[in-house]
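Would you mind keeping the following structure in view while I ask a few things?
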Amino acid sequence: MKRIDGRDYDELRPIKITRNFNNYAEGSVLIEVGNTKVICTASVEDKVPPFQKGTGKGWITSEYSMIPRATEIRIQREATKGKQSGRTMEIQRLIGRALRAVVDLSLLGEKTIWIDCDVIQADGGTRTASITGSFVALVDAVNKLIQKGTINKMPVKNFVSAVSVGIVDNKELLDLCYHEDSNALVDMNIVMTDKGEFIEIQGTGEGGPFSKEKFNSLMELAEKGLKEIIIIQKQVLGKLADKIGVENLEVNSSDT
Amino acid sequence: MKRIDGRDYDELRPIKITRNFNNYAEGSVLIEVGNTKVICTASVEDKVPPFQKGTGKGWITSEYSMIPRATEIRIQREATKGKQSGRTMEIQRLIGRALRAVVDLSLLGEKTIWIDCDVIQADGGTRTASITGSFVALVDAVNKLIQKGTINKMPVKNFVSAVSVGIVDNKELLDLCYHEDSNALVDMNIVMTDKGEFIEIQGTGEGGPFSKEKFNSLMELAEKGLKEIIIIQKQVLGKLADKIGVENLEVNSSDT
Amino acid sequence: MKRIDGRDYDELRPIKITRNFNNYAEGSVLIEVGNTKVICTASVEDKVPPFQKGTGKGWITSEYSMIPRATEIRIQREATKGKQSGRTMEIQRLIGRALRAVVDLSLLGEKTIWIDCDVIQADGGTRTASITGSFVALVDAVNKLIQKGTINKMPVKNFVSAVSVGIVDNKELLDLCYHEDSNALVDMNIVMTDKGEFIEIQGTGEGGPFSKEKFNSLMELAEKGLKEIIIIQKQVLGKLADKIGVENLEVNSSDT
Amino acid sequence: MKRIDGRDYDELRPIKITRNFNNYAEGSVLIEVGNTKVICTASVEDKVPPFQKGTGKGWITSEYSMIPRATEIRIQREATKGKQSGRTMEIQRLIGRALRAVVDLSLLGEKTIWIDCDVIQADGGTRTASITGSFVALVDAVNKLIQKGTINKMPVKNFVSAVSVGIVDNKELLDLCYHEDSNALVDMNIVMTDKGEFIEIQGTGEGGPFSKEKFNSLMELAEKGLKEIIIIQKQVLGKLADKIGVENLEVNSSDT
Amino acid sequence: MKRIDGRDYDELRPIKITRNFNNYAEGSVLIEVGNTKVICTASVEDKVPPFQKGTGKGWITSEYSMIPRATEIRIQREATKGKQSGRTMEIQRLIGRALRAVVDLSLLGEKTIWIDCDVIQADGGTRTASITGSFVALVDAVNKLIQKGTINKMPVKNFVSAVSVGIVDNKELLDLCYHEDSNALVDMNIVMTDKGEFIEIQGTGEGGPFSKEKFNSLMELAEKGLKEIIIIQKQVLGKLADKIGVENLEVNSSDT
Amino acid sequence: MKRIDGRDYDELRPIKITRNFNNYAEGSVLIEVGNTKVICTASVEDKVPPFQKGTGKGWITSEYSMIPRATEIRIQREATKGKQSGRTMEIQRLIGRALRAVVDLSLLGEKTIWIDCDVIQADGGTRTASITGSFVALVDAVNKLIQKGTINKMPVKNFVSAVSVGIVDNKELLDLCYHEDSNALVDMNIVMTDKGEFIEIQGTGEGGPFSKEKFNSLMELAEKGLKEIIIIQKQVLGKLADKIGVENLEVNSSDT
């Protein structure tokens, strides 16, 4: 029995990551996961938030937004309402945490990297696509700092990617599209590194409680998908991928 | 080796739930978990949000706040800043989801139950204490509706409680106090029912990725703690506890 | 003829002030005046507002809030609305003025004391209870500064307490509860020191003008009540009470 | 010994009230009290706030603002800051209460009268000038309703005017200008009717407590000034003044 | 002498308009003008603003935003700041006026068309590109209403497009890129129909006054460019272009 | 055929400019254009916005507001709404640009001149009256700086004034009153210097496109009106007028 878009229960949607999508940002990608499309930019700022001042460490923070007609029904623009929704705040906090967990902030020095995730079309999984795409933008931005000689060690220690899984009509499914997501009894977002370790596990029984067995089979499904996504990230990054996670690698601007 | 407050690694802090803490709310408790103290009130309103109108179903929503000096260092009042922080929004959305997942909203009818969680002292675990305490306040509020004859079946299907677990100094610990929480590499909040099923699993590698094994032993620790908490909820609710989760029980106002 | 709660026209509700209600604040009390309950905390901050910088003088400021279900009908949370009401602003300005009037700010040095009054149950007289309770919290906070040797003279010059009086059904009443307050033709809040001098007199003819005679008898009633309240404050403060208002007393940390 | 502007201690500044200052408002005046200048408009709206709906009664509400350079030093525009200050809220609530206290809202019917007080020059006493001036604008607006036959009894029962008094350099003074006000130890605003009854008495010991004797002599000074101000209001209103406070007077549009 | 990007003084940048860029909106385009890229969506809502209710007429309104890294230097997100800038407001008002001027709102019926212009890369001329692109999105949205039989006459009466002109280093230039725009002494935005008539002429002497002669030669340059842009719009719209501006054309859903 | 107020098609309304309208501002006027009345104040602040710091140049910025009953129907106060409308922002940006264009900011030094335009009665043309009046207030403020010896060259290079023109009932009209403005098909605001050069040309086809011929005749009408307005500005400024636009004139405080 096939899913609404013809996929198998454990099949990802096609993922396409276009690097250097934007002329100005230090790192930028357009990530497309099926019909979900997110522009992720990484911007380097030469200062850190007050709580990080004087520590010698950098910071990574994220902002997330959807254009009003990213969705089936137009949503009100947050700039017009004058405030961000709880959902937006929750998502941008998640993206920031996921990226900070794989970066050695002390190797970054007192800089902030702003990750902006702007969803231009939303068909489910916008927060996980944002993490997967932002990672690539982040690596590009950091690499630009190395090329300029601003920093000399690769601060990114691991790959990180994210995917959603859920239970729809009593079936565990990988990478939910919007139609599936809005009918899911259980909905999970998993963030994992290339070492198979986790950074974030968020499971919610929207439609009622779920058992440990269901949870475990969802986790397995997610792990399968995340391994595939990390392969795509590696392919997209090409030679740059080899610099990630190599302990104490001294990186010269001429190398890159 | 003992923890900072003398507890074992798998030991909860003392929990005290005072019912009818407030003269006005349909349901209200003061929950104390060690030094963490939260006032939870449940207020019944005779209408539902627009998206629920005409469905015959009710709604449960939550708001969360800390008084400025609930914490070691005074925090700025959100009413003065003019907006709620992302953390606040995240927490109040979590509380609302947790309670809705154990309530049959169609048995509630077109009413909203407002759950207000006001933290008057914060020593870690305020969001989980809020869920545990609010559940009791919710049952009291719903029972008042039954006593008045407004509804005639108990809409609450399961007990729900929440606890935090985490890894501090490479040790898995149950029910983190603030000092432990701020030093945790991994931090999880688990919401579980009395059937041992999950409503929410949120694990975050604040200090870096964590393995599946660590995750599993944290889950076990949480389950142990949550079973103990549900026993406390049952004791506190007394005879009312027997009404929860009895399928299709017709409840008379004279019974209660 | 007795009042709704059985009191005489010139009788205060029972007042209970619990010191050190909060683990973190430099000073904190729970004040209960009948069913009205307010948590008052005094927090010391090591800087002053811009207009006070460089003067060598400190500052005392206050913030006031009610939890949503402090009242019969749930009120909307100001943090959610995104702004404080005029009533809130008026009250917190009053509390700040009342306390500043009895403190020698130059003895405090360039510090700010934040007074937070959080009403957890409201049955009339929340602003006057806030002043009466905050005074005790303030003395405790200031005393902590003396004990730590940060300041060496007691900057609090007088006791200050507050009470409401009003005319209900053509009778002058002391210390109105909510039911009386909402039916009062005239409503007054009086702030007085232990010397019998006034800091604030606010009388409002909500239901129409009032004569000078009525005003004078209300003032007398207030004075009677305020003297009684100050006795309670003195009892609650114990030996600390003797340090207040002693001109130029050099206070050693060992004394206290 | 004369005051800074040559007045006696019990002397009002010159007051000038220009009726029909604005082409559009139902009632409007420019009131000048010395160098203080306020435009007061009264606008009639054909509905009431939610809490007054269905009662058959009207409502009077007030808004107050200062243009940025009404003062010696330019103040920031509240529309730019995005919120009104506590001072502004306090003042506009006072103006509204003062006017409502002399109007029989049931004779007004379900209408709202908006009183806008815009200070174009501020030399102390802007809130009391606003009340004195708004009263005249209100009477004109109400009279227009009578002329149009919308209402047929004069709902204004009393004259109302306001003045400030205070203690400067140990002298009681009537009608403080800004220079005096900013040096006052005690500052009072009194609102009185033409019957010599009070609507609002607000006394504040900005610079420390004050005795009952001082309070009483300030009250006397205020009464003297308020009687003079009401005479000016009567002169300004001319024949219309005779309609105020005549019990149950049936007013025809042809009379006015 | 060539311009920074090699163009002649009267040469447009390459324009590319991609229709149906978005899966959900009734009309949507990506417009690229050199390096400036804007997503324009047209969303149909089945109600009108209050001022238009009951008139039988529709409404067209616009919102404009830039993603934070659309520009050389990252700009702060307006949703985070909590308000839209004056520049944003000015631009979205301009877009709305320009489109309304070529639509017979009574043929639209009581519907609102929301035009969202989200700039994903900004190299000058974002407001004019927004108008040019939105026109195409609007025609597609309106056509969808005709196809569905919701309306039966084409309400769009004229083509409308926009371009900027300016004086840089004493030379009149067509279609300024960001580098030119930020060095322009005079900067104009012109909105014109396919009949050669104007809807909006906005000329600003940023660097000082300009003469009538300069103004006239800028107008000529704009007219030349606008004629070329309208040809591009016609090509992009294909057969749909023939339906615009045909008086009282009854359009059947089968025609389109 | 006469206009609604009896004027000829090319006739300005009577203009009256009262200098030194306000006691405190460095420059201030009341400008009356027919029934439109605006208070314009110019306030000097001894610092510049961040983007201008260290440049040695000054800045001129403007804020605009209407009192609520400046208009036929009371409008909501922006301070109450918590934000400025798009119209307000558009107007205040226009006023600022117009004045900056005639001032040599480097002769001003690192100072900001705040131009506040507060409309106390609005009968059309409030933005153009604001520009015309603010110019006079600006000259007075700058002159005060010269008199005090703070600056020694006149930084104002040109007179600047503004007027509206429009097409009503197919007739080109100069200086529209509100009634005309709200019925205009085309509405233009023109800002011109005493040299006959333009600073701002804003034409909008509110009711549909307009031809180049119509535009040109509107421009001519505007030029006629603006020349007359500048004569009035010169008369009002008296001897001060001679100092404007005299290249490199060294101005002594004794001269003025």
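Structure notes:
We just call them A, B, C, D, E and F in the order they show up, numbering each chain from 1.
As a working rule, contacts are C-beta pairs under 8 Å (C-beta built on N, C-alpha and C of every residue); 3 or more make two chains touch, one makes a residue touch a chain.
Please read these numbers as outputs of a predicted model, since none were measured by experiment.
Contact with both subunit B and subunit D is made by C. Steps from subunit C to subunit F, minimised over paths through touching chains, total 2. Matching residue numbers shows that E-F is the pair in E-F, B-C or D-F whose interface repeats A-B, with more than half of the contact pairs in common. With centres defined as mean CA coordinates, subunit E is found 34 Å away from subunit A.
Centre-to-centre spacing of subunit B and subunit F amounts to 60 Å, using the average Cα coordinate of each chain. Residue positions of subunit C touching 2 or more other chains, listed in rising order: 82-83. Following neighbour contacts from subunit C out to subunit D and onward until the ring closes gives C, D, F, E, A, B. Residues 22-25, 28, 35, 39, 41, 43, 45, 63, 65, 67-72, 74, 77-84, 88, 114, 116, 118, 120-121, 123 of subunit F are the ones touching subunit D in the complex. Per the touch definition, subunit C reaches subunit D in the complex via residues 83, 85-87, 89-90, 92-93, 97, 101-102, 158, 192-193, 195-212, 215, 219.
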